[in-house]
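Presented sequentially are two complexes of chain A, the first with chain B as partner and the second with chain C.
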Partner chain A sequence: MKLSLAGVKVVRGDWSLSAEGVFEDGIHLVSGDTGSGKSTLALMLAGQLPPASGAIEREGIESALITFQFPEFHITGPDLEGECRTWDLDPTPVLKDTNLAGKKTLHPLDLSRGELKRLILACVIAKNHDLLVLDEPFSSLDSREKERFCATVSGRKTGITIIFTHERVHFPRVSRIWEIQEGVLHDRGRLPVALSQWNRAPAVIKKLIARGRTPENFSQADLLEAACRT
Partner chain B sequence: MQDIRLRAGAAALLSLAAFTSVTGAAVVFIWWLLFSRPVQVLGKLRIVIPALILVGFFGLVLELTGGGGISYSLRMTVSMTVIILIGAWVYTGYRQGDFLRLGTWLLGNKTGFDLGMVAETGMQSLDLMVSDLSRIQQAQELKGTSRGIRSLVPAGSILIHGALRRAEETAELMAVRGYSCGGSYCPVFNTTVRDLVAGSAAICMGIIAFVPVSEFFILYH
Partner chain C sequence: MITAENIRYRTIDIDHLQIAPGITSVIGPNGSGKTTLLKLLAGIAVPDAGTILVDGIQPRNAEIGWVNEFPDRNILFGSVFEEIASPLRFRHLPCSEIEQRVELSMKSMGITYLAARPVQELSGGEKVLVALAAALISRPQVLVLDEYDSHLDANRAAEIVRIIRKSGIPTVIHCTQDCEAAASTDSTIFLETGKILHSGKPEDVFALLAGTAYYPLLW
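Right, the complex of A and B next:
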């Protein structure tokens, strides 16, 4: 599977975003400051927003899905069970996995935003689309849920997963890092080489690299391994 | 129209004129075509088109369920359609601060300021609801939910829930910052020649709508 961007550009007044590159199978992390254009690029990659110029081509991608920062936008079911069914999923395992089985008769909007996010992300991951674009998947989740989500998304062995985030602490194991800076999408390359190219890398990663302990990846386990390396 | 005083006054007068009779609705529609830049209005606010379809639908339902007869249903449908078009014109011409300026100019720094601020937050909320609706439609499309009445119910409840949540958060923030009532604001208005022409035309349309045609012309019986 391949998602190619050739000369893609979007312009809004003084603001613009240019993107070029190829997303292949694996988990990609796209980082960037707030307002840098992450959500706009996410929409374009998911085929929901046409670029002003350039082309986005899909090869071997049969199905695509995007999740938005606010999970409310995805709701169409009358209760949690109904919501799972609208995703064509069996509610029992999904609600059990998300610790929401006791609230199955509640309307999704009666959940806290964190709980709702957990449910929507679980449904989305379970659908196993070829292309999965996750816009700020960590927002509203607590640390434990962020780690749980990282473990779940790391388990996605097939397809292209693109995570857009400004998260600084919790990450899954990723294949490639991308960075939006000054209106341009930069490909920082594959891990672990990409870590030294990553301008917005969290301080802990920069310190580990400075001490000659470049982690293999940047999940919590990888960082711990690098920090404790002798 | 850049001057909110003229825009709000014209909108009130034209809405009333459109509601009064089919003749009123017709002359107001002509005014809308001439002064509202209709292509821009419909281009910016595409949601107007489904709203117009909905008005037509309810007009038909009213007729089929034995409402007030064909003429009544037709009049209501035409009037409501034109009123929606006037509303769309007001909405698309809105610039941040318009209603705060109008409120304080009209009713002063206490009641006027409060009402203006309520209208401002309402308009901002409406803006957010429009962008939220676009995201909801995208999410529903990706989920395979077909567009129609069944998709409107969850979308509507999400929009209302979101608007209420934002209103509550805004109210809490304002209370925390010490807001109780009123404020101080010196409104400045920009009145163009086009504003004056459109405003005068709106008054003419209002007169035509409210005063019988026979008052102007000698009609042969």
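Right, the complex of A and C next:
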């Protein structure tokens, strides 16, 4: 599978974002400052927003899905069971896996934001689309759930997963890092080389690199291995 | 000083809580009652039983700034300027003073470039910055922030902490999922199933969380 961007540009007043590159099978991480255009690019990659110029081409991608930064934007069901059914999923295993079975009759907005995020992410992952665009999937999740979600995403055997995030500690193992800076999407390359090219890398990664302990990747296990390396 | 005694409300079950001036972080698993506790401390919700006092008065009678975890729920007005100006307009301050304070506020937050933008066109992080500016502008005695940092990049979040510390607001309570950020506050509360499991200085609280996913990786 392949998602190619050629001369893609979006302009809003004096703000613009340009993007070039090819996203292939695997997990991609896109980072960028607040307001840099992560959500805009996510919408374009998912086919929800046409670029002002340029082209986005899909090769071998039969299905695509985006999760919004705000989980409340996804709600269409009257309760948790109904919400799962709107995704065409059997509610029982989803609610059991997310530890929300005891709340199945609640309206989704009666959940805490982290619980709601957990539910929506579980529904999205269960659909197993070829292209999965995740906009800030970690926001509102607690540390345990972030790690659990990393494991779930890592379990996707095929397809392209693109994670837009400014998460600083919890990550799955990723194939490639991309970074939006000064209105341009930059391909920082494959791991582990990409880590030294990543300008706004999280503090923990910068600290490890400064100590000469560049991790192989940046899942918790990779970071701990690098930190404890002798 | 905020004190809470024998608080019972929904899942919240707290016998005693004292929050000293400074920045206090509230951490804990999703659904542990963090937002509910913050709403009680801000006076947005009233406990079924028990007493909460902010410097001796009820939260609803105190000057409290609040930022919701759902960025869109903070927004009342169409433009960024009007949103930040709104707390001052509700107090009928002179227009010239409002303009001056809003401009100063936007400058200190680094969001002057957003002034004329419709709020609905902003990114999630930018909406949070606007909500923070609106909460800070009335110089409240207590600032209650519900996971504002989950929408911000690391540099911006650190900058906001500097602005909050400089603002002179005596008591700031913020709920966060960023344990690294919580570790740098003045005190930390760890909540689980509506109860306070640990509270105190961050080093003492996190020492009790060693070996869990909540222990700061940078430590």
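Quick note on the criterion: the second predicted complex is superposed on the first by the 230 of 230 C-alpha atoms of A that agree within 3 Å, B and C clash if a C-alpha of one lies under 4 Å from a C-alpha of the other, contacts with A are read in each partner's own complex, and residues count from 1 in each chain.
In this section, contacts are C-beta pairs under 8 Å (C-beta built on N, C-alpha and C of every residue); 3 or more make two chains touch, one makes a residue touch a chain.
Everything numeric here is computed off the predicted structure, so don't read it as measured data.
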Task: Combined model on chain A where chain B meets chain C, clash or fit - done: clash
Open item on the list: For A:Ile75 in the superposed arrangement: first (chain B), second (chain C), both or neither?
Closed with: first
Open item on the list: Once chain A of both complexes is superposed, is A:Glu147 in touch with chain B (first), chain C (second), both, or neither?
Closed with: second
Task: Chain touching more of chain A, residue-wise (chain B, chain C) - done: C
Task: Which of chain B and chain C A:Arg200 touches, first, second, both or neither - done: second
Open item on the list: Looking at A:Ile66 after the superposition, I want to know if it touches chain B, chain C, both of them or none. Which is it: first, second, both, neither?
Closed with: first
Open item on the list: A:Trp87 in the overlay: touching chain B, chain C, both, or neither? Say first, second, both or neither.
Closed with: first
TODO: Please indicate which partner A:Cys228 is in contact with in the superposed arrangement: first for chain B, second for chain C, both, or neither.
DONE: neither
Task: When the two complexes are fitted on chain A, the stretch of chain C hitting chain B, from 8-16, 26-34, 62-70 or 152-160 - done: 62-70
Open item on the list: Identify the residues of chain A that lie in both the chain B contact region and the chain C contact region.
Closed with: 70, 72
Open item on the list: For the complex, give me every residue of chain A touching chain B.
Closed with: 43, 46, 48, 64-66, 68, 70, 72-77, 86-87, 109
Task: Complex interface listing, chain B residues touching chain A - done: 132, 135-136, 138-140, 142-143, 145, 151, 154, 157-158, 161-162
Task: Sites on chain A touched by chain C in the complex - done: 12, 31-35, 37-39, 69-70, 72, 111-115, 117-118, 136, 138-147, 166, 168-169, 200, 202-204, 207, 220, 223
- [ ] Spell out the part of chain C that touches chain A in their complex, as residue ranges.
- [x] 28-31, 34-35, 69-72, 121-126, 129, 147, 150-156, 177-180, 212-214, 217-218
